[in-house]
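The two complexes that follow have subunit A in common; it is paired with subunit B in the first and with subunit C in the second.
So, the complex of A and B:
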């Protein structure tokens, strides 16, 4: 009976439905113009030869040639490896530091705004600014890092011109920049934990460390997961900070996948190959995003 | 097991005092209820006993130890919280055994004790569930299980029944009383519900604005309230308290300018004074033609008896009548006021005149 009612739409429901579609249309068209069309164009390009420096070649269809080229491209492999390393270092790094910051910000400070502002500022700062600031920190002659080393009576280091140190410096900048976002997500999670949970544990004899292990961490699991996913998705696309600090140097030692794609298309003008690389990156992002969506479709509060 | 000695305890947040020197002496095994309107400091006092709030002044003693600076875990107490404080990511068994595990008990002991507690509270069949799958009453039982499993010297209850509906509340009240009879452990119980206070307590401490207004047995606070505050707070319906004047020869009492009623001999203690006359609903009755004339304003039949708001001259009083009493709103009746049972209060201080 109730099913029959649900399936047969009354004229009012039909007109409501039409109105609904009409209201959605502008947003959908805009999205189609700025997201769907470029993605379609990107995929189309990736199957064509399209090199702006060689206009006489035209843009012939080449099938999977661009993708095959990527498989044998050492610089592509290195860029992927660097990107993976950035993810492996900066995602857990940002979550650990962010958790620390969130726990700190959740303390009952008498004046809350300086703490909250301190948390928000790195997040509000444009990525390139963050990159530039850290480039100055690690600059050889005037940078604060070397000034501190000199102060300790140590030799200054070539932070941005030796591969290992440059990777370290960039990771530090990324963690600084992104941990505040993680901290905000986790702070929101912390504030949903009732105070009585800790008080009951206190009366029951749990130490602060036990309270953290037994209450804070398990209760924060959904928030930590969300933070991990968001951080991972943005880490796949790491571009601005290494671009501003080293521009991928020295050599290609700090170049990420996004930077290589940018160089291929904007510097080398190879749109076809760059598109194929971008599609590969898109696939990786999409897979991780779908994992995240599958997780959130389950009730994150229940484990 | 232990008694609790609270001496001159003061609590202030910054420069704002919320508890102004409370003295309470709780005997070993006694069930004491702290009751009062919101903001009277009853929960703060309980949390100070638990160690969740610092003590600004005075001393709190549990057994023979001053516990002022002892952390909660060293006070040998267990507390049941208003929201039950059950961990949603842990099963009922894990929640009940949490305190034992935190104190390093071995798995065998924990399992045995959790089982015992579960049997007492009839939650054995729930042990593998998560708190999210339980009803309010079941959660309440689990929270109590978590407290009794540790076999502490003192149980503290912070408004444990306020999230339950009326029927469950009555049920759990009985359960709590049974538990106390079974274990005989000292209990301090905070509530704003005077029915809970009356039914559960060995002694009730009625708090008002950070001090103890009266600390006595339920019978005592009901029959000999120390002030109008206690008189109004304890008992349902509230005690009728109306301005009155006792004649200089103490033979009559005049209710707010009008009806003069013969006064009992005991009113001589306030001869010639303006007073507040306190009379409970059950001490009003229907009388013959020689009674006090009154008009029925509102009739509230409760089944077992009938409450009626009566207008006597310029004052209003609620009376409790037999269910068959011939009352109707707007009707004129004559009343018998059982003034032998009445209370006299000073209109200035609100304190009982004895």
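So, the complex of A and C:
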């Protein structure tokens, strides 16, 4: 509290405070039911054997056995590696493309809606739909990617059935889908930069490139940071697009951690092990989320 | 004069690139949806349909209960949006106005909980919903979807509530309004654009959600659009023209929503993230 002198709360303040906590209650009740209780269950599950295909085994407590199993599980290691690769490629990729789109969109257009809708459409499209559309682009016989290769007189490629190319195609789809959100965030950042900065730089004879490096980039830093964190949080959970494009194939070469958890629980019915994997993932994303929260921490009551 | 015209042309080119990047995939799907299987087989591929057919659209409605998927999507998105905006607005108002001790920390805790990864909640949520008998019902998706948008809605509403002068509410309360009355009669009407923005974001998030919808609604009749569309693929076949037509049918409603509310969506997306 801001007042230096400690004073007893007046009845009005007391009742305000009570009302305040009552108003927070619905949100926290919902969070408790949909997040906290399930997370507690998840952690409990992760220390138990729980295999729906072997109901006669019951659900005995097994300590850290599920976690130890993860240490030696090659498929889990590969899924983690793929997820990290997706993050390393698509997060910077989306930010670079998004910055490009934002710079292109930050012009004095006479008609604004085509550009605005051009940025909003990829954002509003469900991820699975983007995945399906890009799967269609990379189809061997009828896809547009191979049609272009043929047009250039090159051999068509097995985009979605060879590991490296499938990874590339998926990254392209993810970058397309997510770069427009990044562009919208960065565009808002660009519009807060005063025009006078550029005019002054112009007078001093700075080139466009110098203006970009010395004014635009430093001023955009907070917006870029927010975009990076948001993208990373969603990239850790990458599921929909590879699910729609390759379902993890060929083999498991494009399978992400989220997909492996989904398969372990829904297809292999191993709830105990799947839960342990989910706990591991949740710890990683909690670390990233806390970075974001530290950035946005502020007192909403003070302004 | 020529320099000016060149500049104009460059600006239009920049706009065209952004628009093309956004529209191209949807346009390609639109063209595909009017082609016949035979035309798709042709090499080199055609761009504009040579003999447009609406056969694919008929198949979309005949092969799967897509209107049912659409209805499920609308109900889940609308109800989860109402729930989310109500909870977020109450919480945001309490945090902004009611001098709670540690309001900043409460906000951080709220955001941190609401941002837990969905995939890690999937299995326990499945168990909870099964135990409550809510699997395959709208409620199984409405509650989690409301949480999904809570961070962005709360942040948007906080930034709007902060701009309302305290005096307005005080005046209303002197006139005999209660706190909640002042929130409902004074603050909400004044921040209607913000409430609206939060609502649209929540709606789109729910409309797009896939993983939970896939897991918590295994029965065909209770599926939402994103999950339902994946049903058009056969075991070994992938009927692209029909899937394209189904995608178009599914995309149109959300396109209309964002086209009508485009400015609000943009301001909401950016005020939730950057202000801070």
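Rule of thumb we're sticking to: the second predicted complex is superposed on the first by the 287 of 303 C-alpha atoms of A that agree within 3 Å, B and C clash if a C-alpha of one lies under 4 Å from a C-alpha of the other, contacts with A are read in each partner's own complex, and residues count from 1 in each chain.
Assume contacts are C-beta pairs under 8 Å (C-beta built on N, C-alpha and C of every residue); 3 or more make two chains touch, one makes a residue touch a chain.
Bear in mind that the values here come from a model prediction, so they are computed numbers and not experimental data.
In the three-chain model built by superposing on subunit A, subunit B fits alongside subunit C with no clash.
Rounded to the nearest 10, the superposed model shows the Cα centres of subunit B and subunit C diverging by 80 degrees about the centre of subunit A. By the touch criterion stated above, A:144 is placed in contact with subunit C alone, subunit B being left untouched. Once chain A of one complex is fitted onto chain A of the other, the partner contacts of A:154 are absent, as it touches neither subunit B nor subunit C.
In the superposed model, A:121 makes contact with subunit C only, not with subunit B.
Contacts of A:203 after superposition on the shared chain: subunit B is touched, whereas subunit C is not. Looking at the superposition, the partner that touches the larger set of subunit A residues, subunit B or subunit C, turns out to be C.
With both structures placed on the common chain, the touch criterion links A:215 to subunit B but leaves subunit C unconnected. Once both structures are fitted on chain A, no C-alpha atom of subunit B lies closer than 8 Å to one of subunit C.
Overlap of the subunit B and subunit C interfaces on subunit A: residues 301, 303. Against subunit A, the residues of subunit B that register as touching in their complex are 50-52, 71-73, 77-79, 81-83, 85, 87-89, 98-99, 102-103, 130, 132, 146, 150. For subunit A in complex with subunit B, the touching residues are 194, 196-197, 199-207, 210, 214-215, 218-219, 221, 301-303.
On subunit A, the positions that touch subunit C within their shared complex are 1, 13, 16-17, 19-21, 23-24, 26-28, 30-31, 33-39, 41-42, 45, 101, 104-105, 107-109, 113-130, 132-134, 136-137, 139, 141-142, 144, 147, 150-151, 176, 180-181, 183-185, 187-189, 222-223, 226-227, 230, 233, 236-237, 239-240, 244, 258, 261-262, 265-266, 271, 274-275, 278-279, 281-282, 285-286, 289-290, 292-293, 295-301, 303.
Residues 11, 14-15, 17-23, 25-26, 28-29, 32, 40-41, 43-45, 83, 86-88, 90-101, 103-104, 106-108, 110-125, 127-128, 143-144, 146-147, 150, 154-155, 158, 162, 179-180, 204, 207-211, 215, 225-227, 229-230, 240, 243-244, 247, 250-251, 254-255, 257-259, 262-263, 265-266, 269-271, 273-274, 276 of subunit C are the ones touching subunit A in the complex.
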